[in-house]
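Here it is, the structure in full.
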Amino acid sequence: MNGTVVRNIHRADAGAIAALERLGVATVHEAQGRTGLLQPYLRPVWRGARVAGSAVTALCAPGDNWMLHVALELIKPGDILVVACMTENTDGAFGDLLATSLQARGGKGLVLDMGCRDAAEITALRLPVWSRAISARGTVKATLGSVNFPVVCAGIQVRPGDVIVADDDGVVCVPRADAAKVIKAGEEREKKEAVNRERLKKGELSLDLYGMRKDLEAKGLKYVDGPLE
Amino acid sequence: MNGTVVRNIHRADAGAIAALERLGVATVHEAQGRTGLLQPYLRPVWRGARVAGSAVTALCAPGDNWMLHVALELIKPGDILVVACMTENTDGAFGDLLATSLQARGGKGLVLDMGCRDAAEITALRLPVWSRAISARGTVKATLGSVNFPVVCAGIQVRPGDVIVADDDGVVCVPRADAAKVIKAGEEREKKEAVNRERLKKGELSLDLYGMRKDLEAKGLKYVDGPLE
Amino acid sequence: MNGTVVRNIHRADAGAIAALERLGVATVHEAQGRTGLLQPYLRPVWRGARVAGSAVTALCAPGDNWMLHVALELIKPGDILVVACMTENTDGAFGDLLATSLQARGGKGLVLDMGCRDAAEITALRLPVWSRAISARGTVKATLGSVNFPVVCAGIQVRPGDVIVADDDGVVCVPRADAAKVIKAGEEREKKEAVNRERLKKGELSLDLYGMRKDLEAKGLKYVDGPLE
Amino acid sequence: MNGTVVRNIHRADAGAIAALERLGVATVHEAQGRTGLLQPYLRPVWRGARVAGSAVTALCAPGDNWMLHVALELIKPGDILVVACMTENTDGAFGDLLATSLQARGGKGLVLDMGCRDAAEITALRLPVWSRAISARGTVKATLGSVNFPVVCAGIQVRPGDVIVADDDGVVCVPRADAAKVIKAGEEREKKEAVNRERLKKGELSLDLYGMRKDLEAKGLKYVDGPLE
Amino acid sequence: MNGTVVRNIHRADAGAIAALERLGVATVHEAQGRTGLLQPYLRPVWRGARVAGSAVTALCAPGDNWMLHVALELIKPGDILVVACMTENTDGAFGDLLATSLQARGGKGLVLDMGCRDAAEITALRLPVWSRAISARGTVKATLGSVNFPVVCAGIQVRPGDVIVADDDGVVCVPRADAAKVIKAGEEREKKEAVNRERLKKGELSLDLYGMRKDLEAKGLKYVDGPLE
Amino acid sequence: MNGTVVRNIHRADAGAIAALERLGVATVHEAQGRTGLLQPYLRPVWRGARVAGSAVTALCAPGDNWMLHVALELIKPGDILVVACMTENTDGAFGDLLATSLQARGGKGLVLDMGCRDAAEITALRLPVWSRAISARGTVKATLGSVNFPVVCAGIQVRPGDVIVADDDGVVCVPRADAAKVIKAGEEREKKEAVNRERLKKGELSLDLYGMRKDLEAKGLKYVDGPLE
């Protein structure tokens, strides 16, 4: 697959993407059984964004952003570009010119397992970017990779067309086929949490709310009065 | 002590806590002889907070936040919850529901040697949290740890009832018995620094202010005129 | 050179410094052939600053900031203090008193391959600081190093009088003798980028703008229609 | 798939496994187009082994080795057990009792993205193990994962039945369907390398052997006589 | 306590030390409820040693080994020297001269949360050393620390007189008062493991040996026949 | 200098190289005032070698070993090849074919701030190699760097013709012009250490041997009898 670009991909349903975006990363991650979370070293270049979109995937060589340029042609409005790298690398593969181009093509955001530069300009553009590092170090255009094949990005397999959800808590990948199921579980979780939040706000304990006392006792938890010293 | 919870602890004096909070982390750390500073990988979820309080301590297993729930019951107004982990782990053991509960119980802040999620919500709640990472990754409730026993958190031993001071510079632990002595040293340091700050502001050199020139010469420091190239 | 201080250094031309400051780190780094960028673990204590100045260099022992005090005497208005460390160390070698002093002497900023403390105060002073960590941990004054000799700071050799440019993207070092050449290349790059930015904004692809298609084809890039699944 | 075990998997052809084992990790990795290499933090517990086998995959929670026990039942002679973990974790999930069991079931080796303990005993047993760390830290049996589903282990997707090749250079994964093609490319590479090795041994330069001089010149490489200083 | 040396400490019973040494790190760690294991970044300079002894503790400044010299005077035959550092540091605080001295005083080994140099000579001397790094970098003698106070070394609190056990699996600390209890638990564990090892060697599964099937089923583990692809 | 190769360099005197090799890394590092030690993450591929030679330097792009091939042509018998990388990278830039070539050209060893592959073969060849990692990951030949210009390798500036000394303790660089001075200081140190070693072996304390007691007292060190608990 190295050296190959896939032009067309299945994309996720717009309604599903909107629903997942609203739920946010933490809820979506729980709702799909605590799977799909990219490693937490991916951090937002600026705080406060929340986006979801279909993944267009690219695989780059270390210190090389050629495939990122190739991938831009295949971005459709609402997509999120997901860039993996063949080995650990923090070079600044993406900057303000590419940010301008990604926005012009309708891209909603970027998840980049390399470095990002022009942090101030990207913040001013309000383009949401999650990256492994901020680094001004430039890259070359010399080695082929792939576009729109499955990649492992920050420890998680992302396939083109999977739904990427990203916010201040990180980045989660939802397989396209699972979106409906995850939304349902997420919305139920959200409702339950809204009720629980109110009860916790009034001072109720999660020990009681979630009925943990019996399990703790069964596991052998002991209380002593103290103080010990 | 694994599998045991201590209900009651000695807490530090409220006046002492207020004095230490006002002094801040850097001054307190110096005032107690450069000891007690937790490792600097603990970072605030949001910048700008400064808090102090008596430590309620919990020890969790990696990927597991059960003991954090148990500890919440023992929080009294003004306390700071200090959560250590048995091994290095960045999973998101604390989120907005627990934040709501901690605030409802009167907790002033959280120091967490694991990950924190719901960063945006916790920022909105203005609950001060210092953690090893931000990560949406959920945790389980399966393994016992302990509550209100001494723990090693980010490289420092914290005992229940020790005073925790935390701000943008990090987190420092003051043994309860040392609080008065540290406050005295800290306030003296503060006074001296206020004077020094004014003199430095006027352009005086620290070399002269602190009388370092003689020691430097004794160590053998040499000056050459240069430029060398 | 350990144990020696050079009093006088050649400084870069003020006009050159101003021009490099305006260009910013990413452009300068590209303009000098992708060299001179300090490692990206150096991060600004606060976001939004951009400065350039002649480097005054200091080399400190781990956990020791003595040479930083010595260096302050040699700072002239507009200089940037560059502090290297003999081994990896995150201790808080610089705080608000030294910040006050550096500003009083006319220093424009600090690049510190150790830790920085008093982050809130330094932010309030608007003194631009790039450091390896934020840490309240205090340092001693016991071991000699050097001032105004070449140092390796965050992976790059910096000589006294080199131009340091720093912003949200990191820190780059321009050898004094290369400044004019770099400015020329940087300004040309900037002009070209301004044109390209407009074209990209209109939706043109970088593949076409930079004429990459032929090279990609020559390397063997293949397109398939897809979708594959 | 969490909470599920797949009993039967397709295994790779024994002849293919033997051929890949003979080629070794570096050749296999090149032969499949520089893909499939697990991250180099996986290191052998003892040096000098080289093995290949069909992957039986397990996914464990951090600090928990329950699924490893479940996977042992499904090991067939010649298999290699590949254990991924939900988050980064170095706890000692595998020790001499499990090593005894893995050998008794005919397992040829273990690739473990967690820690390994009983390093001395495992070395004495000559069981080849690649792990992220050596750590005596024990694990619990409390959280379900999966067995024989695709996992991401040390940055690479491994599916049950893929061929794992491991030696002192690390661990590479060959998709079962690609084995024949990779063997062919690897053996050709090996033949070419044997010839090249002899020529290099006689002092011929790789610049000439691989005909690089023209490409270097085309890229603009310049030679100067020197010495420069 | 900085700046203070405690001359006399309680030491553990020689019989207890011998028993713990025989059990080894992994068994001792399990036998005391999975506590007390120093972080796994401490690695032996050479493989194959196993030692136990009473801890003599020292706390050093980064880049400074002065207190290590002070501690040597207090070493009694059979002791293990445990050296903590105020911040993360890999400088070579211990080399062949100190190794000669430690052996001459009867010291059985060294646990060092800094770097070790003269690795070849120390290997030749067969002095067991566990350290954070191997580094030739020399240290100074300029800053006071403490000797024979409790220290946090590699994440674990070690008090003078605690029993240190170290082998290829790492380093574990047993509080002196717990030694008898840990030995009893460890020897029982050892007996049980000997039986289990024989049964596993014959091909029995740990699933059956430890009766895990029921718990797995209760947690909801499902089996499917497969193969899935 | 990127894109340029310097054919001829000054080399160090053969006698000086032999003398430095005999002294070894730790002694040489001390003898030149604790400077010049490359960062300790560089580790030998196999233990037990000690070499010294004149540095031939190369600078490579991440994931690219082209300049290493170019540098091989310039190796003269006794040289050590020093390879720096533009950014942090662990890819396997050097393997058994290049090792064969380096030996055929008379090269004595390799210092590589990237990864090394074919670890078993290189060990069998007894070619001394120090690298940042062992990794089978192959590299490309696409981007120019430089040969025989000063480079920063593992944190230290190395100029062509500097003397590199490497053994199990790491790698140290001695500027060619300093060799004689360093040898003299090293040999004196060695003599003094031989005497001290004998005295320490007999049980004398370094506190007395080096006369530290007075300095410790002057700094305020206090002794208490203890035990404290």
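Letters A, B, C, D, E and F mark the chains as written, and numbering starts fresh at 1 in each.
Here, a residue touches a chain if its C-beta (ideal position, glycine included) is under 8 Å from a C-beta of that chain, and two chains touch if they have at least 3 such contacts.
Predicted model only: the values in this text are computed from it and were never measured.
Enquirer: Going only through chains that touch each other, how many steps at minimum separate chain D from chain F?
Expert: 1
Enquirer: Looking at the contacts, which chains touch chain C and chain F alike?
Expert: A, E
Enquirer: At the place where copies chain A and chain B touch, is the share of residue numbers found on both sides over half (same) or under half (different)?
Expert: Here the answer is different, because the shared fraction of interface numbers falls below one half.
Enquirer: Averaged over CA atoms, how far is the centre of chain A from the centre of chain E? Could you give it in whole Å?
Expert: Computed value for the inter-centroid distance: 40 Å.
Enquirer: Take the average of all CA coordinates in chain B, do the same for chain E, and state the distance between these two points in whole angstrom.
Expert: That gives a centre separation of 28 Å.
Enquirer: List the centre-to-centre spacing of chain E and chain F in whole Å, with centres computed as mean CA coordinates.
Expert: The mean C-alpha positions of chain E and chain F differ by 30 Å.
Enquirer: Can you list the chain F residues in contact with two or more other chains?
Expert: Chain F, residues with two or more chain partners: 34, 86-88, 90, 137.
Enquirer: According to the definition already given, which pairs of chains are in contact?
Expert: A-B, A-C, A-D, A-F, B-C, B-D, B-E, C-E, C-F, D-E, D-F, E-F
Enquirer: Would you mind writing out the residues of chain D in touch with chain B in their complex?
Expert: 61-64, 86-91, 137, 140, 142-143
Enquirer: Hey, which residues of chain E end up touching chain B in the complex?
Expert: My answer: residues 2, 33-35, 39, 86-88, 150, 152, 155-157.
Enquirer: Which of the residues in chain C end up touching chain A in this complex?
Expert: Going through chain C, the ones touching chain A are 25-26, 29-30, 34, 37, 40, 43, 47-48, 50, 167-170, 172, 193, 196-197, 200-203, 205-207, 210, 212, 215-216, 219-229.
Enquirer: Mind pulling up the chain F residues that touch chain D in the complex?
Expert: 3-10, 66, 69-70, 72-73, 90, 92, 95-98, 100-101, 104-105, 115, 117-120, 133-138, 141, 144, 148-149, 159-161
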